[in-house]
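What follows is a group of structures, each given as structure tokens.
In the two assemblies presented below, chain A is common to both, partnered first by chain B and then by chain C.
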Partner chain A sequence: MIFYATQRFVLSVVIVMVAVSILTLMLHVVPGDPAVMILGPRATPELIEQTRVAMGLDQPLPVQIVTFFGNILRGDLGQDVFTGRAVSQIVFEQLPYTLILITVSILWAAVLGIALGCYSALRRNTWLDTLTGVISVGTISIPAFVMALYSVLVFAVWLRWLPAIGAGEGFWDGVTHLILPSFAIGVSWVGYVARIVRASMLEVMGQPHVRMARAYGLPDGWITRSHILKIAVQPAVTLIGTGVAHLFSAAVFVEVIFARPGIGALIVQAVNERNYPIVLGAVLVTTGIIVLATLISDLVIAWIDPRQREEL
Partner chain B sequence: MTEQTIAANPGIGRRAFLRGATATGLAAATLPLGSRIWAQSGKVLRVSSYADIDALDPGFYQNGYNVDVMNCIYSKLVRYVPGREWDWELEAAEEIEQVDDTHIRFKLRPGIMFTGGYGEMTAEDVKFSFERVLEHDSPVKSDWGPLDHVEVTGTYEGTIVLKEPFQPLWSITLPYGTGHIVSKKAVMEATESGGNFGMEPPAYSGPYILKEWKPNQYVHLVRNPEWTGEAPGFDEIRILPMDDTKTAERAYEAGDLDYTEITLSSLAQYRGNVPAETVIEEYPSLYYVWLGMNLDNPALGDENLRKAIQYAINAEQIIDAAYFGEAAPATGLIAPGLPGHRETPSVPVAGDLDKAREYLEAAGGPPSEPLTIDALNATVWKTMAEVIQAQLAQIGIQTQINVQDSGSFWTLGMESEGARWKDMQLVLNRFSMLPDPYYATSWFVTDQVGVWNWERFSSEEFDALHQQALSEADAEARAEMYRKMQELMEASGAYKFITHEGTPVMYREGLEPALRPDGRPLFIDFKGDV
Partner chain C sequence: MASAAVSHRTAEAPQTADPLVSVEGLSVDFATPRGTIHALRDISLEVPKGKVLGLVGESGCGKSTLAYSMIGLLAENARVAGGAIRMGGQDLAHLKPKAWRDLRGTRIAMIFQDPMTSLNPVTTIGKQMIDIQYREPISRSEKRARAIEFLEQVQLPDAAAKLDVYPHQLSGGMRQRVCIAMALLTRPDLLIADEPTTALDATLELQIVTLLRELQETFGCSVLFVSHHLGTVAELCDEVAVMYAGEVVERGHVREVFHAPRHPYTQALFDCDPARIRQATRQLPTIPGTLPDLRQPPAGCAFRARCSKAFGRCAAEHPPLHAAGPGQVARCHLNDPAEDVA
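Our next item is the complex of A and B:
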């Protein structure tokens, strides 16, 4: 298990480095000059050139990439070209908002998805199964930004139950500001999780150890929890782990629609402004998180399933 | 100006929902941010801004959204008067007068205090604030034009000395960004060299101070306890950055904002269904939108072809499609209300298809290859490009639309960014400006070819007029120069002016917003109840 975890960790570091290098290349291939964006239209060409040199943009691309990774090892992600603030400070200021948003979205997806999938599997081929199937496919079909727009219109503008914008201040205020955006992201995953849990449960329900448990007269609820669901949720855990990247993408739209702070909105703004240090710093951190999430989901599955644990 | 109000719309409002909520904690939590602050702190103004602040040093500012905050936290000698006509009034100055073409004498109002124990504002602070813009080679040093120095003649008195006359001083320098006065002592302590202090003002001199800035969340201004002038209208101002104006509209409707700009595309809808207790107003804008043609591109080398394009484009149709008919058509660069605005352009706003065909025939027919139209990748630009594409197709000119993100688009015609400018043909462009015609024409002089003059328009007469107009004291003669410059631009065939857009805003009944003639907010002067 330790060897497996170490192997995966090294692979994760390589993935992050490759991703950031590719991004750096892409940033330099697309047109746009950060010095012009920073200094505005009235700057003199001399001042623009001085700024380029100060930012290291006059260096060859490989040198810029090596310098970037060298700075990372020293814990320095650079400075925001507009405000002069440390990129690490800006990124880690915004990151918690996105992480909380994604975590709560996953909770929506997991709680509702597993419950619906379970319910559907236990009542297969009934009208309730059909109804949950329709709901599941329906939620899959609705993009997060559409859900976000309509949830604002209904719950914030029309009913005025929940706030429309921002992240709030303090715990309870933060919770109310989180409900709509997290639901908008999480609801489309409810369908995925529900369909996977249902299919997986139906498969596990037919396996010998479940039949054996029933033959012993064990209570249905206990069989479902201990012998069926424990195995059936594994594909859902994998799905959610690999889905973190998609959740980050969805968070971009939702953060813009709800005017929420967060890393998604930060990256979009930085790309438009050609604010290279912010783009690189933010993508480095998000790639790291996505890779880490995948790693954790693999390790969790290995931990849940004794058969996989033994194979490692 | 139009105003519309409507009574509150009863329904299941927040209070009704809260009555039904069983948990007290939930009830407290479900009050939106602004409502809770209102309860805690008295008069709070909640407004939106189209971007988050990124520069608070007036000597090195960029962009109007930073100046919106600077207006509240620093003082200037003079400031814009809110209203429908451009004018200025005294702010930190007790007296100010133009002694001759190059000397402006001022006397500060005694008793304006800098926060943090940095003492009273003096003429030394004025000298320091203005001269540092040049000394530190600020990217906005052109705002100060030919400033030579500021002569201090007393504790409160001084004279601004220019190397040559500079008319925009009164319209865009003194009442705007670089006109703000900072504390010499505080800035020298904070920066050692007197350079850019970035996002951490070392001292304030306006009616508000910056209590907190949460990036991408809000700017929180509160009353300056050391302010000795007239009390501002609100105890606190919360400025919430929202890149997307539609988001601000929804936030306003949800009760999270008291004032916001709205999009032209929403204006018609709001007119027909005004939100509860809301006033909607429309202001003209200083923006100018035009279709530019690259004079150095071989495909557009024939003047007759360019004129055919000018005459084939119907700006009214474009405005109907892209702005739902709510924007004002442009007659040139300079918006109504500013010196040099033209009542009618040389090329009719609606174009003239017969004339376009005549010019095209003189050019020997349409180009063999489709022309490209570069535009930003937002709906309004794509729509405009599509309408232009259809209009040009009417006379047989085929086009291809290239949409680009803002980072890529805004370097399209720059020679410093490679050879892309050579391939650029037609480009849909939009510049903003400050309330002086010099600001608009300065981008189209020969020196700007390959920088911001993407059409590569070059005219000795234009350049000479631009230079003369800077120092022309006679307002009508100066306006005539700018009208002539726009004629020259149009005569080159490189420009088809489309629109100045517009600035619609909405706010709560009871609020008395203070807006510049172009609809930009002057939060410092907002009053009333919300």
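Our next item is the complex of A and C:
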């Protein structure tokens, strides 16, 4: 297990490094000089040249990439074009809001999705199974921002049960401010997870080892937990792990709609202002988190299933 | 021969004084989208106490269905259409799920066909062997000790170390030994073995069969051994029931049935057994024809269409189990003493 975890970790670091290289290259491939973009069309050639030197853009490309890596290792993601504050500081200020939002969304998806999928599989072909199927497909088809808009309309404007904007202050206020946005992001994943858990449960339920467990008179709940669900949950874990990337992009919309602080809101603002160091820094941190999420889901599966530990 | 004597002999079966399980006129139907399949029809047989009953027949004859109905693990679309399975004053054919759970893993245990998929792949051997002892009021370390003891019984090398191993780390033969150890660990009265050697290669098959025979003698349980391998049945079983198209067509002591099969199907089965063929041949013999459609079982003898000895009566009249020898019965009109006279 430790060997497997080490292998996976090294692989993750390599993936992040490749991602960073591609990101740096992309900045050079896109048309236009970053210095010109930052300074705007009316900048003097002297000022542009000065900015290029300050940004290190006069150096050869490989040198730039190496410098960039060096800076990242030292935790230096560059400076905000307007205020001159460290990008790392700005990003890490906003990051907790997005992380808590995504974590709670994942919890919605995991808890509700696995419970619904499990329930459907155990009562397959009943009207309740059909109903959960319809609801699941329905939630999958609704984009997060539509869900966000309607949940604001219903629960914040009409019913006035929950706050519509901001992140709140203090613990309980924070919790009430989290419910709507996290549900808006998580709900379509409830559908995905429920469908995939149902399908893999039905597959596992037909396997001989489940029949063998029944042949020893083990209680049904026990068989469901340790013989069926323990195996059937694996595709859902992979789905959620890789789904973190989609959750981040959903968070961009939802943070704007709910006027919440966070990485999504930060990226939208930075793109609008052409504040490239912040875009770059935010995307870099997001990439790292997505790779980390995949790593965690791989490790969770290896922890559940011994057969997975032996292959890379 | 007097007709009264005939009817008396017709009802006779190879009965032991006090059978462990007696199946009485059991019928099982499967509901499928293309109609109801009458998979088992009027099955009667007995599993003698402390003996091994072999169940043979070609694929699709209903031998596994019969085995599964004796542990209550029939598929969801199966339905007991009639008859009874009597064991210790209970009718297993009409048991509630709760009562079934109490019997499984205590009085009845089962060994399955494919050891590669029969063990839980995400749980260690040890935990699975401890889990099935969940009813026992003993400590975890005692359960562990019992697990090791039974792994030694099935001659698994380095038994104690095997407890911490996952199924995929063992070979097929080792896994089947683990399955046998688990089944015996529960000290069942009835052990059902559904083709336990089919998925193994030939040298392992012999080892497992020898092991089963030894352990059956040690523990004294009754065994229902389902197989399509005649040599294995001859090796292991005391009695044998031959099934064809959902019916028992011949039943008796292994020695009598193997020496003098009285049903044309049993005879044909032996003629096709590669182990019994004496002359060199380029083609293995087969029984011509296919199984009848069990949605509408034939009115007369089920084997009629494939039988070389069929005659007029076979189409019109469904043959009962005629007495065919000492403790031997066969579902064929040729065994009717009235036919001898003719």
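Just a few scattered comments:
Keep in mind that, in the parts below, the second predicted complex is superposed on the first by the 264 of 312 C-alpha atoms of A that agree within 3 Å, B and C clash if a C-alpha of one lies under 4 Å from a C-alpha of the other, contacts with A are read in each partner's own complex, and residues count from 1 in each chain.
One rule holds in what follows: contacts are C-beta pairs under 8 Å (C-beta built on N, C-alpha and C of every residue); 3 or more make two chains touch, one makes a residue touch a chain.
Only a predicted model underlies this, so the values are computations on that prediction, with no experimental measurement involved.
By the touch criterion defined above, A:209 reaches chain C but does not reach chain B. Chain A has more of its residues touched by B than by the other of chain B and chain C. When the two complexes are overlaid on their common chain A, residue A:226 makes contact with chain C while staying clear of chain B. In the superposed model, A:237 lies in contact with neither chain B nor chain C.
Contacts of A:218 after superposition on the shared chain: chain C is touched, whereas chain B is not. When both complexes are overlaid on chain A, the residue A:304 reaches chain C alone and has no touch with chain B. In the superposition on chain A, A:45 makes contact with chain B only, not with chain C.
Comparing the two complexes, no residue of chain A contacts chain B in one case and chain C in the other.
By the touch rule above, chain C contacts chain A in their complex via residues 71, 73, 100-106, 109-110, 112-114, 117-123, 131-132, 134-135, 166, 168, 179, 182, 186. By the touch rule above, chain A contacts chain B in their complex via residues 30-33, 36-45, 47-48, 82-85, 90, 93-94, 152-153, 156-169, 172-173, 175-177, 256-259, 261-262, 265-266, 269, 271-274. Residues 11-14, 17, 25-26, 28-30, 32-33, 36, 54-55, 62-63, 137, 139-143, 196, 198-199, 214-218, 240-244, 247-248, 250-251, 253-256, 404-408, 410-412, 414, 416-418, 420, 443, 451-452 of chain B are the ones that touch chain A when the two sit in their complex. Against chain C, in their complex, chain A makes its touches with residues 207-209, 211-219, 222, 226-227, 230-231, 304-307.
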